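In the two assemblies presented below, chain A is common to both, partnered first by chain B and then by chain C.
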Partner chain A sequence: MDMEKQAGAVIEVNNLTKVFKDFWRRPKVRAVDGLNLDIKKGEIFGLLGPNGSGKSTTIKILLGLLHATSGSVTVLGRSPRDVATKARIGYLPEESYLYNYLTPYETLNFYGSLFGLDGRVRRERIDQLLEMTGLKHAAGRSVGEFSKGMARRVGLAQALINDPELVILDEPTSGLDPVGCRQVKDLMITLAKRGKTIILSSHLLADVEDVCDRIAILYNGSIRAQGGVNQLLEKQESVRLTMPSLPPEVMRKVLELIRKEVGKEPQVDHPSMNLEQFFLEVVEKANRMASQQSGAAPTEMMADYLKK
Partner chain B sequence: MTGVLAIAFLQIRAAIRSKLFVTLMAVLFLVLVGLPLTIKGDGTFAGQIKLLLYYTLGLATIILGAATLWASSGAISLEVESRQLHLVAVKPVYHFQIWLGKFVGLLIMNIFLLCFTGLTVLGLIYWTLSFGARSDQERKVVREELLAGRRLTKPQDTLQQETRDRYNDMVAKGAIPADVMREEVLMSIKKELIADKTIVRPSAVRQWSMEIPADLGFDKSDSAGKMMLKIQFSPVRAGTNAVSGKWSVGTEEKPDIFSTETDGRMDGLYNLSIPVAADLLEAVMARPDRKMIVTFVNNDGEKSKPVMFDRINGIKLFIWESGFESNLFRALIIVLCRLSLLAAIGLTASTLFSFPVATFVSFSVLLVACMAHYFILLSEMEGHVHAGEEAKSSYWEDTSEYAMRKLDEVFEPILQVESVGPLSDGILVSWRDVGRVLMMICFYSSLIGGAGVFLFRRRELALPYT
Partner chain C sequence: MMLRVKQFLAMAGLTALEAIRQPICLLLTAGCVVSIAAVPLTIMHLFGEDGKQVRDSAFAIHFVFGLFMAGHAAGTLLSGEIKKGTASAVLSKPVSRELFFLSKFAGIAAVILVFSVGATIATLLSERVAEKFYYTQALNGYVMDSQTGMMLFFSPFLACICAGIINYRFKRPFTSSAFWMIIIFLLIVLFVSGFFERNGQWRPYSLRLDSRIFAVSILVSLALVVLSAVAITISTRFDIMPTMILCSVIFMFGLMTDYILGRHVAESYVCGFFYTVLPNWQNFWVADALSGGGHVPWIYVLHAGLYAVVYTVGVLCLGMLSFRHTEVK
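Let's look at the complex of A and B:
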């Protein structure tokens, strides 16, 4: 614990290797190979990589669901298999492995009980989470009847029921509509501001780019690139200027000056709104006019206990 | 504890929402109500009630046992396969809490289902007693002999001791030739003694001594119908003989406080019921050793022939101890204990294997456990057939017999305590029996559960091929 405070490290992975073996204990696949990671408190850390690159295996080792073949893993200053560590983690798996016969309320109540939350606190948090994920009106329906996106919202809610210090999200926006995606991204940013650490594994590079402070790109079980998002993506050799529309004469003079001073042809275009922003505006307008919902209701509300 | 209860209630909820619970209740109801309609019995009302109790409760136990083994075999393995357990395992719960939660869930479900079974059986019995076209005498017999918890007392079996005493006596007198093996002599003495004990020749007298327990479960002044002596005997050659004998029951000083004559032609077994009246009971209880003496005199005469008694079950004394409802309750607790053991076996298999494999392993363990006792009996019988010959057995035979003996030693203490059989015979299922089974089940379930949790802790839940 002291080490964690001193270094601010929430996760320390040194030379982690995971080899899957067959029934006869013969090595079959080397899923993770000599991985080193150091994730600090309050960071949003993105794990990227193609299918089979070792992202999920790494996450499962961090959660104690798999055992490392070699190397060391420390999560919140302890072994990932320690029950005290698990009390401080929230996890959303790549598929929402929920009990189909439970309602969202019962699901959250069950997971809340596993965290030993007091009945009153549990009820309050469940209400806020259902409100936040837009599932309040569907709280009495079985999860089995839900669309993938709605089940994903329940999965997200269960990952936050314990107000975790470390949130591990595996493809959190998969199956969500753009409103839900934006909401999840905003949630991650808010949690990080509160000092929570977030690990995000996703194939949606735009999502990762939007929210992550640092990323690691895995390939064949090893890290091929690691660092701050801006630092990795920035093109030091070029500059972009954004300014109000210029009269043609002024524009011609500016371009002439650049050609003369730099000696290269500059590129000129109009900045455009991205599709996500446009979609959100349309839905927000429609939402103001609609009175009834059957699916998840768009909401900007954030659970109170997650804001504190 | 909160975690254990949360997992237990989740297990119950799963059974209710998946309709397993309702289906089991419907099947049990059909069996409990439908089976008595197909039972014929021996034509007597007592026989009908006895079979009703034995078959309905027996079949309900088998159904619940199979359902418990099946449900427990899938309780953990199916959640590992569907990965639902990933979300539970990453929460702050120990592996033993997951195992225990599942176990408690199955236990609670079995308690509900056994309560349902017990209440249905009680309802059926009361309905049959009230609305069947039977005489008052038949109803009285059923109430006194079947719908009760009666302690069974038998004369002390001294065969082993008498065999040893006679052998030692012969050794002391030098009556055994040096070339005869000890086992052969013992066997011969034993056979002779068994013949003496089971056959009463014409003009011979045979006595049995039985101790009446001090703590009777009823008031001595209100002993009517509470104690019954049951004697079972047969002529040596059935069909061609008649038995003429006198039975007396009393104490050493007054052996004929009660006496009755049997006289007539008999085919097969003859059952004689002698109610122990208040004056007889008082005389026996007044003695410090509370010994009751039963005497049979095989009257000599033209029509009298040798009479044969079963050495173990020839003379039985039934003493009322409790009502039927409490006896049924205790019998169901023993059934519950056995179901719990099945749940422990299934859950442990479930921590290690996939659902089909876990089910197969659990059923195999149960089958082998039940068969072990019969294998031992069989091997002992074969031993007798070949007595005197040089024993020839392969290494494999020796090993398998050793394994079976060990298995039998483990499971026999649990399997030997029967509850449905005695209940349907109106025999007491005592709290001592319940306590013994409870202790054994706790011990075995902890042992099996401990092994299950150990394996579960070592298992990687998120392996790609699970």
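Let's look at the complex of A and C:
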């Protein structure tokens, strides 16, 4: 995988600047300022930053929806405005941006037809995606009636209908329940294992930490920190040992030894399950007993065509 | 090429579907039919010519309701999509901006044409309903075709009841079902009205309608298609309210262009320029030609159609140019 990641840059951004102008063409906001990015094939790359830091603007420039004021951008070796390149990209916008009067099935059918997928393939993929996102039972309801989380699932499904090489996810877990969040994270990991490149923009730092290989932190339109997640988060000056519970006598000896050799007081605690893992266990138990529900159904299934 | 055609059809179809699922589209269609159906009830004087006021009023209602429908549909379906973000979702797929823009126009134009079919049927029936003077051995006086009038007036309400049942039974969206049911009910009324006389007596089937109405209705429909092109071009840069206002202003100026500018074309290049650039709705408003038993020659309809096509293509080219540089935030 690492060899593959080194293979080629999927996205190259050099000195990108975007200035929004007012009605009189005067500069209003400098949303992106001299940004440099180099994202490799098979990577999960996280874009982090507070509101207004330029994450969504950068993504929209990568998709050719906004025009760069200066600098150069190549996506999959071509200009982001090249229409053919977009056939290889899947994009989940920050808000789900769906046609409220359409049902999930109609929505996916529409997006599938934009990629020229033939009827049989389209129907198969729609079925698998509806199953994967837990929306099969709501496939006939208007998207406008959906909760934010359910709309997010439709948005995610439309982003994957073309089995894209590059997946750009803007706040993919926003509005999703913890089961859905875990599922989206698992999906990202699976896609990356298949050599897909993923760009994840999120405010949820735990999500980014869980799945991303590398991250860039933006502030006021420019990158303030960039690198591998472990590399950026690792505290080189301390070490953590995890071992089975020790008898009190042995523990006392170990601590004494450390105090003597290091000269500092070591910190001892029990490793704990994180809240997400605990929640997922509770829901899994409840799900085994549940019979009927109106929202998105929890599912562990992943669309077959996304696993191949 | 085939992919482009498929994309175009998918986006145009979706635009049309979105348009007819908007409650305003149903309200305008139903409002137009009910208003046209109500016209004969308000006509108290004939001025020596049967049906003229009904025809003129019905064409005017067709035109004005169509103006609102075109302006609103263009505003919500293009500028609304840019604002709402659905345009960015679609344009992140392998779809060119030009194709997206043209498909939006095609979808709106298709809905406008279906709306015009409904308005034309309502005009034909309404003209038939209008009171007429009869002088026969059996009858001497004014007759109003009240059966057809009642059926026409209530057809939108019946359509809504049917759509409600369809919604309850099959979970189909109410607004789009009601829109289609109005057209279906109008066709049924058109067919059924052929079985009786104006005075209510049954007779062998014969459709006695004023077929001269078709030519004028086609011209009004063409004007609405041109107006849709203008509206969608404006909506590449403006929001729904400015789009509606600008469409109304262009509509007003287009009606007066002969009077305001036409007289000065020979003397002033500026007037000549604006006279050419502004759409001239008088080319499409020929209801007066039906007065005194007259008719609109089909060759005139063809020439006006050619003008509509050339004008629409020109306006759409401007729109594509504008949309190509629009930033989809």
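The working rule: the second predicted complex is superposed on the first by the 301 of 308 C-alpha atoms of A that agree within 3 Å, B and C clash if a C-alpha of one lies under 4 Å from a C-alpha of the other, contacts with A are read in each partner's own complex, and residues count from 1 in each chain.
Please note the rule applied: contacts are C-beta pairs under 8 Å (C-beta built on N, C-alpha and C of every residue); 3 or more make two chains touch, one makes a residue touch a chain.
Since the structure is predicted, the reported quantities are computational estimates derived from the model, not experimental observations.
J.: If chain A is used to align the two complexes, do chain B and chain C fit next to each other or clash?
T.: They clash.
J.: Who does A:Arg153 touch here: chain B (first), chain C (second), both, or neither?
T.: Neither partner.
J.: By the touch definition at the top of the document, which applies to A:Tyr97: first (chain B), second (chain C), both, or neither?
T.: both
J.: Per the contact definition in the header, classify A:Gly140: touching chain B only (first), chain C only (second), both, or neither.
T.: It touches chain C, and chain B stays clear.
J.: For A:Leu66, using the defined touch cut-off, is the partner it touches chain B, chain C, both, or neither? Pick first, second, both or neither.
T.: Both partners, chain B and chain C.
J.: After superposition on the shared chain, which partner residues are touched by A:Arg125: those of chain B (first), chain C (second), both, or neither?
T.: It touches nothing on chain B or chain C.
J.: Tell me which partner A:Ala87 touches in the superposition: chain B (first), chain C (second), both or neither.
T.: Both chain B and chain C are touched by A:Ala87.
J.: Tell me which of 235-243, 271-279 or 451-459 in chain B produces the clash with chain C after alignment on chain A.
T.: The stretch that clashes with chain C is 451-459.
J.: Show me the chain A residues, by the header's touch rule, that chain B contacts in one structure and chain C contacts in the other.
T.: On chain A, the overlap between the chain B and chain C contacts is residues 60, 63-67, 83-84, 86-87, 89, 91, 93, 95, 97-99, 101-102, 110-111, 113-116, 142, 158.
J.: Write out the stretch or stretches of chain B touching chain A in their complex.
T.: So the residues of chain B in touch with chain A come to 2-3, 5-7, 10, 13-14, 17-18, 82-84, 86-94, 460-464.
J.: Considering only the defined contacts, which chain A positions touch chain C in the complex?
T.: It is residues 60, 63-67, 83-87, 89, 91, 93, 95, 97-99, 101-102, 110-111, 113-116, 140, 142, 158, 162 of chain A that touch chain C.
J.: Would you mind writing out the residues of chain C in touch with chain A in their complex?
T.: Touching chain A: residues 2-3, 6-7, 10-11, 14, 17-18, 21-22, 84-86, 88-96, 171, 173, 327-329 of chain C.
J.: Under the definition above, what is the set of chain A residues touching chain B in their complex?
T.: It is residues 20, 60, 63-67, 83-84, 86-87, 89, 91, 93, 95, 97-99, 101-102, 106, 110-111, 113-116, 142, 158 of chain A that touch chain B.
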